Amino acid sequence: MAQFDLPLERLREYRPDLTSPDDLDAFWSDTLADARAHDVAATFDRVDNALTVIETFDVRYAGFGGHEIRGWLHLPAHRSGRLPAVVEYVGYGGGRGLPHERTLFAAAGYAHFVMDTRGQGSGWSTGDTPDAGAGGAPQQPGFMTRGVLDPSEYYYRRVFTDGVRAVDAVRSHPEVDGSRVAVTGSSQGGGISIAVAGLVDDLVAVAPDVPFLCDFPRATTLVDSNPYGEIARYLKSHRDHIDRVYDTLAYFDGAILGRRATAPALFSVALMDPICPPSTVFAAYNHYGAGKEITVYPFNEHEGGERFHDVAKLRWLARHLR
Amino acid sequence: MAQFDLPLERLREYRPDLTSPDDLDAFWSDTLADARAHDVAATFDRVDNALTVIETFDVRYAGFGGHEIRGWLHLPAHRSGRLPAVVEYVGYGGGRGLPHERTLFAAAGYAHFVMDTRGQGSGWSTGDTPDAGAGGAPQQPGFMTRGVLDPSEYYYRRVFTDGVRAVDAVRSHPEVDGSRVAVTGSSQGGGISIAVAGLVDDLVAVAPDVPFLCDFPRATTLVDSNPYGEIARYLKSHRDHIDRVYDTLAYFDGAILGRRATAPALFSVALMDPICPPSTVFAAYNHYGAGKEITVYPFNEHEGGERFHDVAKLRWLARHLR
Amino acid sequence: MAQFDLPLERLREYRPDLTSPDDLDAFWSDTLADARAHDVAATFDRVDNALTVIETFDVRYAGFGGHEIRGWLHLPAHRSGRLPAVVEYVGYGGGRGLPHERTLFAAAGYAHFVMDTRGQGSGWSTGDTPDAGAGGAPQQPGFMTRGVLDPSEYYYRRVFTDGVRAVDAVRSHPEVDGSRVAVTGSSQGGGISIAVAGLVDDLVAVAPDVPFLCDFPRATTLVDSNPYGEIARYLKSHRDHIDRVYDTLAYFDGAILGRRATAPALFSVALMDPICPPSTVFAAYNHYGAGKEITVYPFNEHEGGERFHDVAKLRWLARHLR
Amino acid sequence: MAQFDLPLERLREYRPDLTSPDDLDAFWSDTLADARAHDVAATFDRVDNALTVIETFDVRYAGFGGHEIRGWLHLPAHRSGRLPAVVEYVGYGGGRGLPHERTLFAAAGYAHFVMDTRGQGSGWSTGDTPDAGAGGAPQQPGFMTRGVLDPSEYYYRRVFTDGVRAVDAVRSHPEVDGSRVAVTGSSQGGGISIAVAGLVDDLVAVAPDVPFLCDFPRATTLVDSNPYGEIARYLKSHRDHIDRVYDTLAYFDGAILGRRATAPALFSVALMDPICPPSTVFAAYNHYGAGKEITVYPFNEHEGGERFHDVAKLRWLARHLR
Amino acid sequence: MAQFDLPLERLREYRPDLTSPDDLDAFWSDTLADARAHDVAATFDRVDNALTVIETFDVRYAGFGGHEIRGWLHLPAHRSGRLPAVVEYVGYGGGRGLPHERTLFAAAGYAHFVMDTRGQGSGWSTGDTPDAGAGGAPQQPGFMTRGVLDPSEYYYRRVFTDGVRAVDAVRSHPEVDGSRVAVTGSSQGGGISIAVAGLVDDLVAVAPDVPFLCDFPRATTLVDSNPYGEIARYLKSHRDHIDRVYDTLAYFDGAILGRRATAPALFSVALMDPICPPSTVFAAYNHYGAGKEITVYPFNEHEGGERFHDVAKLRWLARHLR
Amino acid sequence: MAQFDLPLERLREYRPDLTSPDDLDAFWSDTLADARAHDVAATFDRVDNALTVIETFDVRYAGFGGHEIRGWLHLPAHRSGRLPAVVEYVGYGGGRGLPHERTLFAAAGYAHFVMDTRGQGSGWSTGDTPDAGAGGAPQQPGFMTRGVLDPSEYYYRRVFTDGVRAVDAVRSHPEVDGSRVAVTGSSQGGGISIAVAGLVDDLVAVAPDVPFLCDFPRATTLVDSNPYGEIARYLKSHRDHIDRVYDTLAYFDGAILGRRATAPALFSVALMDPICPPSTVFAAYNHYGAGKEITVYPFNEHEGGERFHDVAKLRWLARHLR
């Protein structure tokens, strides 16, 4: 890819006029209240991860609708005292994977919680959590249009709620210091991070990388790549549903939800990203409601900063979590 | 595409050794008995199809689990007496479409029933029937791996049962002669036709075109195109589920189910078909349990005989239905 | 495809400054006079179309140069009185097809005339009419550059004239009401519709969908897809013929010819169309000389509105033809 | 490309059973007699080629049907005595090009005649000769299916005859030694060379490189690349013309015509050639009727031996022409 | 990809007849003796890896020609006694990466040595070691043809020697138990592992995954993907160097070198691997000189078993190293 | 390709603000002085080129660092007096090729010198000159990033110096008139031509076609095609080297070096060129320091004007060299 989107100087000022639904706050406060009517009931069962320096626990907790959500909790094998925690959401198509698969933040000394994304996990990594509550309505293959004709049926209502409850779950662990919790993730994981940042008001840090699920009107007409392309293909078929679809998506747009955030954020963006184009990331960044920084990777596609950004992010997290 | 599969003389003899599950008959007799415990309760509501020579009715009937399945019934506007019927199943990703969209068999003088495929219909044509009963387990995008770890949860258990009940539904219409019912369809529609032919014993004709859902072991390792490729990609991720997946698929393989068929069949196959490769079609054809013919299109891909085959099929149907 | 062309608000105002050749009127009045020097001599022979609700007639008539042009005339099997007629031109590469293949407007109650496009019909549908009069000069594969160095030798001079004569031919049928004739078509068929609308002054409706053959200077430099790309590839080779080619094309550009139209029009356009990009459609629409409406399909490529637009167009035609 | 065709040891023995039409000899003797009923009437007009070491003449002569065919004759600027001649036929889509464009054999000291291929020359090089005699029947874009339903109308009947007459034309030049004439060409030029070798019995050398137009039954089903793919795509559409097309092609197949050859030949073949697959080249080579050698390029695609083979061919020609 | 190579039952028996160069043993004993004439002189400098559970050391040691080679040594932060070691070689195009990037075997409790591959490390991960000793001869982009006309100049002579010396280097660390050293790697890393297994006789385990650099004659003609394709493209250009290139490659072929191995091996292979096709892996496996097992991943491409195979390999290594 | 870059009217004014390194003049004067410290020592050995009208000599001379550089000198076989000379540099990936391969300017009567490009010549043509002096540092495959972290190590420092010395070498031949030397080349050859024009002040003509190596900041972010894409891919990996890389490239940018040129120039550019996009060519053209013309090919990609431009360039050269 070349730098196909706006030039960087215009990206830094790109702040699209996206209308927040009138009942956005009520929608989400009702949604979270319903979820919290179920006890989070997190359980943590030690599993063999084949490693000696990290311990891993199989987690089950009550997400949206009280549905059982799975995850991993990784802790340094040698530890003492209550640990700050990093909650990680994974990218589109993947699941929590195998126990040893994703342990960076535990290796850096944190309690590291990886949330399984309901229904996902048959792609680049595996998952174990069904999407209970899916109605089965006709949709494009994938998750982007599952229930998209109605905000209360939309897939990401369930996922974002699971994400909020993941924070509740990790805080319920006796070795975690619940006052020092950060959320992070890349792509879809970044989009969930922004949403959770807008829905939970006492996080201490938010680190979305090349986030997905932001500025849907631009994203769905600027690129045809997946996963945004699933929406465009749905509308290619359902020519009569365009307005309804965008009405739904407005409840889940990171460039809208992120305005509600209160925790400091470190974003990253890649200027050649054809999956989550940089303008959509800057839309969320420029609208983000709290202190923020952004690291720009001019020659990267959707992989973004990868290992280079791990280092930057670990240093930034250390400043907020320690 | 070139003729990438076996040469024609070997295709004509290709008869893979596919093992039928021990409880195949019980599985399907139980499944159909459960479905028929619900009254088919078909309703037919006239809709405006913008045409003058064909009348269209919006159909609702009880499919698998008693779930409401939609369809269209098209009748010639000028008609008299009870009509023979053609039940059509549609290809992967499509739905019943708009009322005027698919009316060939009505234009040829038959009662023409088009079944909506549950959950599908956000692709090349639109649908209106949700896949009630889907459990939401992690799957590859698409329908091929929905519930694939368990035959009783597998998506096509529901669809094939809906297909059998569509025959029941059309027979319940007062203007249809239930003793003269044929089933047909292309690709997935052809695969459903073969399955229904194996599950309903008093059809008078079966006409599968370039059928899908046949000889899964070869199909999933010979081509990487969709939809068979969804299974391969699921197994690429879920390396530990290979045996379970093939155990499930054996209950739904047209090269196994078709052995039970009793009605005469007209198949068609295309020798350059990269979606439903010709060996998989011949696997079903060579195993088919009743009288049969096959029309070979040497230079076609998955479109098969198209309009040319319409003519051949209409003539063949006339011999069996009139 | 994404929405790669101008944004919709600019498309609505896009009105390129295209120069009409000085002798455009004389060129076309001479051309049509020459053609009409031959009797249209339309013949209509009933053929077996395998359908019961529509009758089909094999048509032969005198087109450009008096050459025999083929077509189908479809009539509702049950009919009375003189019928309004819809003349349909087909898309690039196709022909009139088989007798039962394209009967929508007859199914809706009209006399439905399908013109075979000379020389075409070896692609997605078949044809039966040679391009008598082709000189055999070096050209790019396809029809776009056949005779392109001289307006009087250019392929579309023959085709547009055939299109005008198709209207004459259908009007010669005793069951057709010649005062109620509409023309329509998609892609190339839409381009011919616009041209015929500019050359015949007593049509009652014109319905071009995603029309081709409009705003050649922009089309040939904005996209490299076929068929416009044939022109670009010809000029890639014949670097010395650029001016001559554009001089010729100006006689055949829908954004120029359509200015002469007098019948009301319903256009359709797709905002992700990489074959007939939306700016070229709006060029023709904004220049169109009579009353007009346009239906915009934001998420479609060259398929445009398909079945959805069938419904819209049938309703619009009913207002003008009935 | 990999080596996708048969392994080399099997290629060396591949000799397909291709049936020669009963009237093949009569067809071609009649065709050539008709052509020779016109005086070849070659004219040679000096043109400015911008070079100092080679002189170029614009040639016109009577080809099939007496149609005017163009060519270039290149002669070394410093020469004496009558020169042996090399007649070169060009590849598919190209024409004779500009005067200075293709002069290798003149630079090596021969009279070098380049035949323009009628109708072609809007692709990688330009041409100046129309295909007079084309009937305009529906065909796939390109030349492979022009008139393909009837051997006497088929495009290559005209081209091969032009090729024979090119030999007659060069022999009519006063500075050429007509007893020392070779023919050569690459791809289509190689196919024409083989055909001319089968139709002219007093050539002294034939050098076809990666020849096209050989073993049509295998070529059209083994690869889908152009130009063989034009035939497959025509038959994809015209499903009812398969036998007629192959009946026609048998009159023009290098693996049949080459059996009649009497001059020694140097073939070249590339084992990764996806355009003219090696088995089709070996089909012609193994059937070739006179002395022969073949140079194998294991890692090349359709470019074959290029400059390396120039050297080999110039040395081989020197042995036969000097 | 589909399963494009031989069927599994034939793969299990595929044992190509590859000729070992007469002087293979002398070539490698001389090469290693020359290298060992330089003191290995390994240094280990602690770096900040941003992790708390693993310590990382920047390694420099003398490789081929005494050139300075870089690497990382990762040790568990909490450790005691001398540790068994795993030496890891990385895949084509990558380098040792950042300090925290590749630490699996340290996380599992081993001394984990990652060798930087000279000249590489500007692709999917970064490197820091120049390829001192490269002569600059014309080559295809990439490393496969660097010096390929002469075994003593060939790139992999330097790399394999570096790989042997990496074992020497890790053994020189005071916390490593030199009697318990395993080598492993994926793709190129697997190929180097096999070579080192053939050149070092006291390893305790060898674990090559989807290994590269095996059975060159088949690999370079069966697939055109990179990196094997670099060789084919070189020979496409240098048509006169085919024999010389294969003569060189025979000194470096894992299916030849591996015959000399004495340590038990766990291979893995993927049946849809288009980069290192399964037959080339089985060629090395079937020729491997010591005890061996192979794990087959039927639906994977070049990623192979990934995280699933990590688990299998860690368990297998534990049996040999602990 | 379409015309994807700026419209022509803006291209004609595109003059990017590129900063020349402060020490640019010193860098190059030192570099050339060092090179000229070695005697050019050109030798010319007659080789057999299989041609009769042109004689070819194998050239060896001292380039950068005194390294032996190869080339061909072609002279008309019949000649008298001292000839003006054309020095040609070849495109990326190619080498000087075989002796008969590239002789146009000799055929037009000039002394024609073809410089081999060090290290290249394993692609579309072959080469014989190693890149002595390469340090082997990690780089992307290809030549664009060889030594790119330091101007004095960068590959093109060596190549441009070789190019300057090629002029010196041809001038040392007794049959060459050293006061009448032109330089030319296409793509990389055009880029070298511009650089040499900026480094040698007594050339009489410069003819760069679709030149490469101009306006790196735009080129590397506008297109992702090779060879510019090699730089982008290097920076995708080496995220920490962006500034260093651009600092280096500024010493080698044709839009900077060309400002120093004193000889008249004929540029050519293609408006659909995805390899050397037209804006980067116009950047160099608009900055070029002496008299200049540019020929625009609106419908061409990177092939540019090809044979048509040969003619234009030969005429233009004749005006300056004769």
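Going in written order, the chains are labelled A, B, C, D, E and F, and every chain counts its residues from 1.
The rule is short, and it goes like this: contacts are C-beta pairs under 8 Å (C-beta built on N, C-alpha and C of every residue); 3 or more make two chains touch, one makes a residue touch a chain.
Here the structure is a predicted model, which means the values were calculated and not measured.
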**Request:** Trace the shortest chain of touching neighbours from chain A to chain D and give its length in steps.
**Result:** 2
**Request:** Could you run down the chains that neighbour chain C and chain F together?
**Result:** A, D
**Distance from chain C to chain A - Cα centre to Cα centre, in angstrom** = 50
**Item:** Separation of mean Cα positions, chain F and chain E [Å, integer]
**Value:** 39
**Asked** Using the touch rule from the top of the page, what residues of chain A touch 2 or more other chains?
**Response** 125, 233, 308
**Topology of the chain contact graph, where touching chains are joined (line, ring, star, complete, other)** = other
**Prompt:** Between which chains is there touch?
**Reply:** A-B, A-C, A-E, A-F, B-C, B-D, B-E, C-D, C-F, D-E, D-F, E-F
**Asked** Where on chain F does chain E make contact in their complex?
**Response** 95, 118-143, 145, 233-234, 237-238
**Prompt:** Which part of chain E faces chain B closely enough to touch in the complex?
**Reply:** 1-3, 271-272, 297-301, 305, 308
**Asked** For chain F, which residues are in contact with chain A within the complex?
**Response** 221-224, 232-233, 235-236, 239-240, 242
**Message:** List the residues on chain F that touch chain D in their complex, please.
**Reply:** 50-54, 76-78, 97-98, 100-101, 103-104, 106-109, 125, 307-308, 310-311, 314-315
